[in-house]
Amino acid sequence: MDANEVLKAVKAGTMSVEEAEAFFRRKPFEDLGFGKVDVHRKLRTGAAEVVWCEGKADDHLLRLYEHIISSEGEVLGTRATPHQAELIKAHFPEAFYDPISRILKIEKDGKLHRGLICVCSAGSADLRVAEEAALTAEFLGNKVLRVYDVGVSGLHRLLSKLEEIQKANCIVAVAGMEGALASVIGGLVSKPVLAVPTSVGYGASFHGLSALLTMLNSCANGVATLNIDNGFGAGFMASQINLAICQGGSHE
Amino acid sequence: MDANEVLKAVKAGTMSVEEAEAFFRRKPFEDLGFGKVDVHRKLRTGAAEVVWCEGKADDHLLRLYEHIISSEGEVLGTRATPHQAELIKAHFPEAFYDPISRILKIEKDGKLHRGLICVCSAGSADLRVAEEAALTAEFLGNKVLRVYDVGVSGLHRLLSKLEEIQKANCIVAVAGMEGALASVIGGLVSKPVLAVPTSVGYGASFHGLSALLTMLNSCANGVATLNIDNGFGAGFMASQINLAICQGGSHE
Amino acid sequence: MDANEVLKAVKAGTMSVEEAEAFFRRKPFEDLGFGKVDVHRKLRTGAAEVVWCEGKADDHLLRLYEHIISSEGEVLGTRATPHQAELIKAHFPEAFYDPISRILKIEKDGKLHRGLICVCSAGSADLRVAEEAALTAEFLGNKVLRVYDVGVSGLHRLLSKLEEIQKANCIVAVAGMEGALASVIGGLVSKPVLAVPTSVGYGASFHGLSALLTMLNSCANGVATLNIDNGFGAGFMASQINLAICQGGSHE
Amino acid sequence: MDANEVLKAVKAGTMSVEEAEAFFRRKPFEDLGFGKVDVHRKLRTGAAEVVWCEGKADDHLLRLYEHIISSEGEVLGTRATPHQAELIKAHFPEAFYDPISRILKIEKDGKLHRGLICVCSAGSADLRVAEEAALTAEFLGNKVLRVYDVGVSGLHRLLSKLEEIQKANCIVAVAGMEGALASVIGGLVSKPVLAVPTSVGYGASFHGLSALLTMLNSCANGVATLNIDNGFGAGFMASQINLAICQGGSHE
Amino acid sequence: MDANEVLKAVKAGTMSVEEAEAFFRRKPFEDLGFGKVDVHRKLRTGAAEVVWCEGKADDHLLRLYEHIISSEGEVLGTRATPHQAELIKAHFPEAFYDPISRILKIEKDGKLHRGLICVCSAGSADLRVAEEAALTAEFLGNKVLRVYDVGVSGLHRLLSKLEEIQKANCIVAVAGMEGALASVIGGLVSKPVLAVPTSVGYGASFHGLSALLTMLNSCANGVATLNIDNGFGAGFMASQINLAICQGGSHE
Amino acid sequence: MDANEVLKAVKAGTMSVEEAEAFFRRKPFEDLGFGKVDVHRKLRTGAAEVVWCEGKADDHLLRLYEHIISSEGEVLGTRATPHQAELIKAHFPEAFYDPISRILKIEKDGKLHRGLICVCSAGSADLRVAEEAALTAEFLGNKVLRVYDVGVSGLHRLLSKLEEIQKANCIVAVAGMEGALASVIGGLVSKPVLAVPTSVGYGASFHGLSALLTMLNSCANGVATLNIDNGFGAGFMASQINLAICQGGSHE
Amino acid sequence: MDANEVLKAVKAGTMSVEEAEAFFRRKPFEDLGFGKVDVHRKLRTGAAEVVWCEGKADDHLLRLYEHIISSEGEVLGTRATPHQAELIKAHFPEAFYDPISRILKIEKDGKLHRGLICVCSAGSADLRVAEEAALTAEFLGNKVLRVYDVGVSGLHRLLSKLEEIQKANCIVAVAGMEGALASVIGGLVSKPVLAVPTSVGYGASFHGLSALLTMLNSCANGVATLNIDNGFGAGFMASQINLAICQGGSHE
Amino acid sequence: MDANEVLKAVKAGTMSVEEAEAFFRRKPFEDLGFGKVDVHRKLRTGAAEVVWCEGKADDHLLRLYEHIISSEGEVLGTRATPHQAELIKAHFPEAFYDPISRILKIEKDGKLHRGLICVCSAGSADLRVAEEAALTAEFLGNKVLRVYDVGVSGLHRLLSKLEEIQKANCIVAVAGMEGALASVIGGLVSKPVLAVPTSVGYGASFHGLSALLTMLNSCANGVATLNIDNGFGAGFMASQINLAICQGGSHE
């Protein structure tokens, strides 16, 4: 149960005020010894803590998954190895692992997907980052349109999909090498573009630096940039934007 | 008159279909000799062309302002010098110039400001970038809350404003030197944060590189980064997000 | 008279073998004290020495112009200041100076322009570099098509000119900021593209580094890159390619 | 069959207009699920899609090779591993693999090689990049002269080959470490030089950055630079230039 | 026996002046063939030589440990591998090895721990550096308070510990990614902060460069920076400061 | 009156509890419109707000000085221009300005200077940074020993002063160019060394980057690094350390 | 036999002019297929070709060793692996391999060692580079004094050897991390210092960049810098200087 | 009188031992208040202190010149402005100022110039650095051969001078832009080459970084590199080498 559900339960009368108070008396993070799980994060920032799996020891990873599932009912992990996927699946057979994006997640059933986020990628090697963004956005409750392999060296591929892209509330543009995709899309749509440089390339791509600078210098407006290979971050922020649009704003 | 007004006029019956056709028959950009004004940009990307004043010759600048005012009824210019402000004011006495942000604009009367964007800045030297963002967002029809001089070296200043900040649909975080403001805000709110590094600082700030890297590496989620000193870009994108939220999304 | 003209005169019988021998007995460079004029350069590399005016003292500059005109009958100078233009015009009233490209040249009459080179530029601030390329190519005997202000933030401007661009034997693509123009053109044409990054931009453009990296990492084939702001170099090399195509190759 | 062959067949009367129409009705790229094969690329940019083998999964690679062979009758792959070579050879026994350049290709018989491209390299460690350029150019129908191990630390090696080098229509100069070869060649010939920095070296070569900067700053004219280790790109562009010269230009 | 103990023994009358002279007649370093052990370092800089284990050959490492133990009675080693730990434990069963910090030490019994140093770290991946600092400081005779996993993306975690942190004489702030922790702590306390950037992160963290620049540009006063991942150096310098405060200064 | 004085007055009976309450009821910062003066900073971090004069408008600067003097009785400003010095002196004739360090201060009479900080500098061009550190430390109540022009190219100059340097509780080492001074001092003393790289140098000093990296990589222990040219920061932190040592620590 | 020996033999009457002519008729380099051995290099630059073993295929390496031994009677190889050492020893049992410096050489007996070169190194990890310099210099006929482990963090180690160091004709200073050793030595001696930065260090040493910049910015005169880890280059150039001094100059 | 002259006077009987003792009793540096003049430097490093004029205040500069002339009888200053030249000439009419190299010197009459140093430069813009090297070497008593404007884009210019260059005992190679001159010379001569990168160039020359990296990565042996624009340092070190060769070495 998460904070939102507790509050709704109180409103609905299915939980007493005393029980709710007990819930909130828990201190805002719980110390597992090797790290503090940020229990109130969903309340504060709109989403539960996500597990960065890379480099986590087996037992730490398992305890994190167990802890978050017990409080949230679901969990999203990124940069998981096949070994970590085996480990979690052994305890949670319902876990899903995608070897390309390295997402390892356990998800509630019947999740509603709202609005529309479009994830575009330039080359087939950018897929792993694009899918990290797409799967993150879906986990967080967004509809996702994937438009892959539409790099600027063959513009017709992108232009043929333009009408669909323009329907999205937010676009994630993933590209390595020269990273021009974000600028080109930014000039063709009226929606915010979250640009993700990837480390795809060689030589003067300097592990993504070239694409990063390209995106920061975009001559098109409405483009902001995430860290190199940060597909998760783009999916997360696209979700913030798309879901806020779906709900409509409180100010007028 | 801009494209949107033409279409509304057609709907309202105050303009004939033939007149509207004539409007749209204009080619999508007009060549002024020294540059092409992108006439259909508002239709395509949601906002009319903005004038980057820096380095423009006097006559070019004047013709650009005249051209855009004639088609849009208003114009926004950035990075204008006091001399350029004098020049434009001599022809358009209603022009407004702010010497801190270097915004030089002529704005329609009675503009409606909707939703809420919060612009936060770390130090008093970041003001010029923060005001560029704020004035841009206001020009584009957004309500703006300014929360300035709330750098992380005195956290209580930021925390004392937190409740107000959390009401905004989108936050622009402007900071130079170590640029930590964006991460700290990102960890405290559930709304998208557009981070703008500034070139404020000296030595190892390397003209904004330090703040730029800080923001790209934000450990908080929901933070995307603009180019160094790009207050305009942040105000523009924040407007895209805030106005979309005000209108509500078309997908559900 | 240059080497080529000497040889043709010999063939035509208007110069004796002895006179030609005297011409070629001159040592391959002449020492003006402050620098060596490379007399045989046209013979060796296909073009006479070009004067880099920046920082040259007045008397050195004048003597260089005099020397090259006396041997070649014309001279091309780059990066000249208005003061230098005045100086040369005072001695050579037929001199031409373009304040945008900073080209300062004296050109033979009735020059034939052959083939076609297309010079494209992204923004109006890139004009100074684009014109340096275009004027250089024209000086060297090439027809030049200028397609300016076609940056990728408004793709329709570029696409509307595509048919004309495709007719050129070589394309020069000039762009600052994110420099995506070269990649996009490279994906649309079958001719070699010489990419020139410019120092136009601010912040993370790092004085042209961003555009330079973009162009080096072009995902389109057939793109090679010149130094930042090196319009002259691009015009020179485009001329080598275009003129060679006009003449046709000797190998089959 | 490729587009050019279709058109020639129509002209020759061996294919009906209806069949040709069917050919061109195919959409300009075909989606293999994991990536889009750019079918019309040869028509648009003068060469069929080339396969970047690095990191491709076995089944994807095989399907790409099959697809391109079916439409083009031949295929060029770069950066292939010995394992990938085994895989492709098992299905296409006529495939050729060069372990130094890592080129993996299947080539039509009796290909005509035209004009002349000269590929020069500085040290024996630069061979892998030089051969990538040379084999690419040969695949695309060019004659290639190899002049290897002629680095500037022993100038006589280069000078002894100068007469042969000067006969080429285009020169590819491959060098790591200090990368001075391109400048030196550029000063000795009148043909365009495509410079390829390599990652050969250690310490302050910074993985090819030193050679890259050297080449971009060439004091000789007629030198343009490719990405570090991009032998393929140089061979491709040299082919564009050489073949255009062989055909002669359409403009006069 | 170390120099300090010798001098105290002389004062106490348990060692004759002649014996002490013999001790100091030893030259100030001893040459083990593969390196010079700096025997007088404790006298000169306040602490005995510490062994940097990384890359040391087995026999060199063992001889260094033996040598230092024989003169100091204890030894501190950093960046030891598990294999090196096995090696030393085989000879010195009392050796202690911590696989996270990679500290490998043999310590005198009954060591007094004085004053208070607080070691804060941002994320769980920064633990290895934080523990290197903490264990070093403890070895050198300081009390250490560990406050881990208090990164700025969840400020409440840090704020909840503030009162304890403020009691320390010196604070070590360890953070990777954007490294904002040092600035935030610097603004909240009146004690010197030693900032240690870590190489934790990916993409634009550039192996710790981002956190390093952040810390150098701290907008809070009282923050100085160590090398990336240099937990040992921070623990050492914090000890210098804390122990000096415990002893009180000699000047007034 | 500052917070500390208020509390002492309460203890001494010269101020009523009610008056003290009124003092503390003031909100922790006061908004001057153009910036927030951090009134409680002295309470929180041990020192009142210091004015960074660079780029401040005349009226803002004057109001800041007036405000801080009214609450603290003194004020320290850094990076002041001669013009700013004239301005402040016109209002506060007792103001002191040092054109080398650019310190502009008004100081309480009869300040006690305690302990000892040693400020060392390498070359005469580093003086401006060294003096900024020294004057800052003196303003904050420390005794300062200046040891200037002792760069490592003439070691005897440094060694001749060693005995005096070793008496300090903390050493500030200021050096540009190769910045080796900090390492050398670090190896000779047992006290903490705060290293300040300066932008003195040319070419590969890259505006202080070289000295910065040298200091971060110091092979001597007990060295931490400040930002390039940050003499103020070093003086401030040295004061924190020296005064804490003078007072002695509360923990044992 | 090398060129010098041929000429001496002619002078001595033990070789006929015809035989010598035959020797010099050999073209100045011999093409082994995979690389050109520069036969006349010793004549031109004073030393025979040295083999860079890294990455050489077994058969290429063997043929290079055989070829150089046949013409020079000895051979020097650098950066050899243990496997390559085994290979060469199997064919040339007299070969010598040093696993630290990775020098693999076969040397003429009874070589005279002249003059004096001093090789200093800072830390024990710099040994591999220092030994590469020392063994190279010995191979080329120089006496070498090794002064190792004299880094600036313990200056007395260096000062205790100063008198010996000052006797050398040329000093090689090898250091990683902050690289201050070269500056310090440069200030203490009147002989040229060849500085070799090493990649020893971590974090902000950036693989030797820090030490490289330190050495380039040396505040002491008479210091020039080699590439990172280039011990061979330093040994070679020190030999040029030392042997020239031993022979005395021809100009007066 | 300098130390050497004192000692010779003692030997010659023109100075008593007591007078000489008085001379040497002067402390090894004299404190002028604003800096320490290193009196014994000539004794220790072979050359008197040289004045870096840049940024020195008028009175400091004058006192430095006076002081060094009084002890040495001559003085060498670098990077002097025309204003500083006027100042010194007003007091020392015999002073010589060269506006290109910015050398400002007063030199003893009848100085003997020995041996031979060759200073080569690539382009006419490199002259200021080349002349700084040449004039420094001449001041220190060396014969200098100037070979200017011999950049690698016209190799014949360099090759035509090769015989003369090879006669020098040491070569200084000065080049900006791509800096290839040092490598090319290094491959043609058997003498040590001191390479000086200059900041000449634009764009990707990055103020001399490109030439610096080129020289550090020289594929020719016997090349060591000075700081960007450090003509003085090259002239100084070339003098050390040349004069040592002239004297012949003491070791055999």
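We call the chains A, B, C, D, E, F, G and H, going by the order they appear; numbering starts again at 1 in every chain.
We take it that contacts are C-beta pairs under 8 Å (C-beta built on N, C-alpha and C of every residue); 3 or more make two chains touch, one makes a residue touch a chain.
Quick caveat: nothing in here was measured; it's all calculated off a predicted structure.
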What chains, if any, are shared contacts of chain A and chain F?
B, E
State which chains count as neighbours of chain E and simultaneously of chain F.
B, G
When contact pairs are matched by residue number, over half of those of E-F recur among A-E, D-G or C-D in C-D
Based on mean C-alpha positions, I'd like to know which chain lies farthest from chain F.
D
State the pair with the higher C-beta contact count; candidates are A-D and G-H.
G-H
Between chain E and chain G, tell me the centre distance in angstrom, where each centre is the average of that chain's C-alpha atoms.
39
Approximate Å spacing (C-alpha centroids) for the pair chain E, chain H
45
Chain D and chain F: spacing of chain centres that average the CA atoms, whole Å:
61
Within chain C, the set of residues that touch 2 or more other chains is 154, 186-188, 203-205, 209, 212, 216-218, 220-221, 227-228
Mind giving me all the chain pairs that touch?
A-B, A-C, A-D, A-E, B-C, B-E, B-F, C-D, C-H, D-G, D-H, E-F, E-G, F-G, F-H, G-H
Interface with chain E, chain B side, in the complex: residues 122-123, 151-155, 177-180, 183-184, 186-188, 201, 203-206, 209-211, 213-221
Residues of chain E touching chain F in the complex
44-47, 50, 114-116, 143, 167, 169, 186-192, 194, 212, 216-218, 220-228, 233-234, 236-237, 240-242, 244-252
Interfacial residue positions of chain H with respect to chain C in the complex:
124-125, 127, 148-150, 154, 156-157, 160, 202-205
Complex contact set, residues of chain B against chain C
27-29, 34-36, 38, 40-41, 55-56, 60, 197, 199, 207-209, 212, 227-230
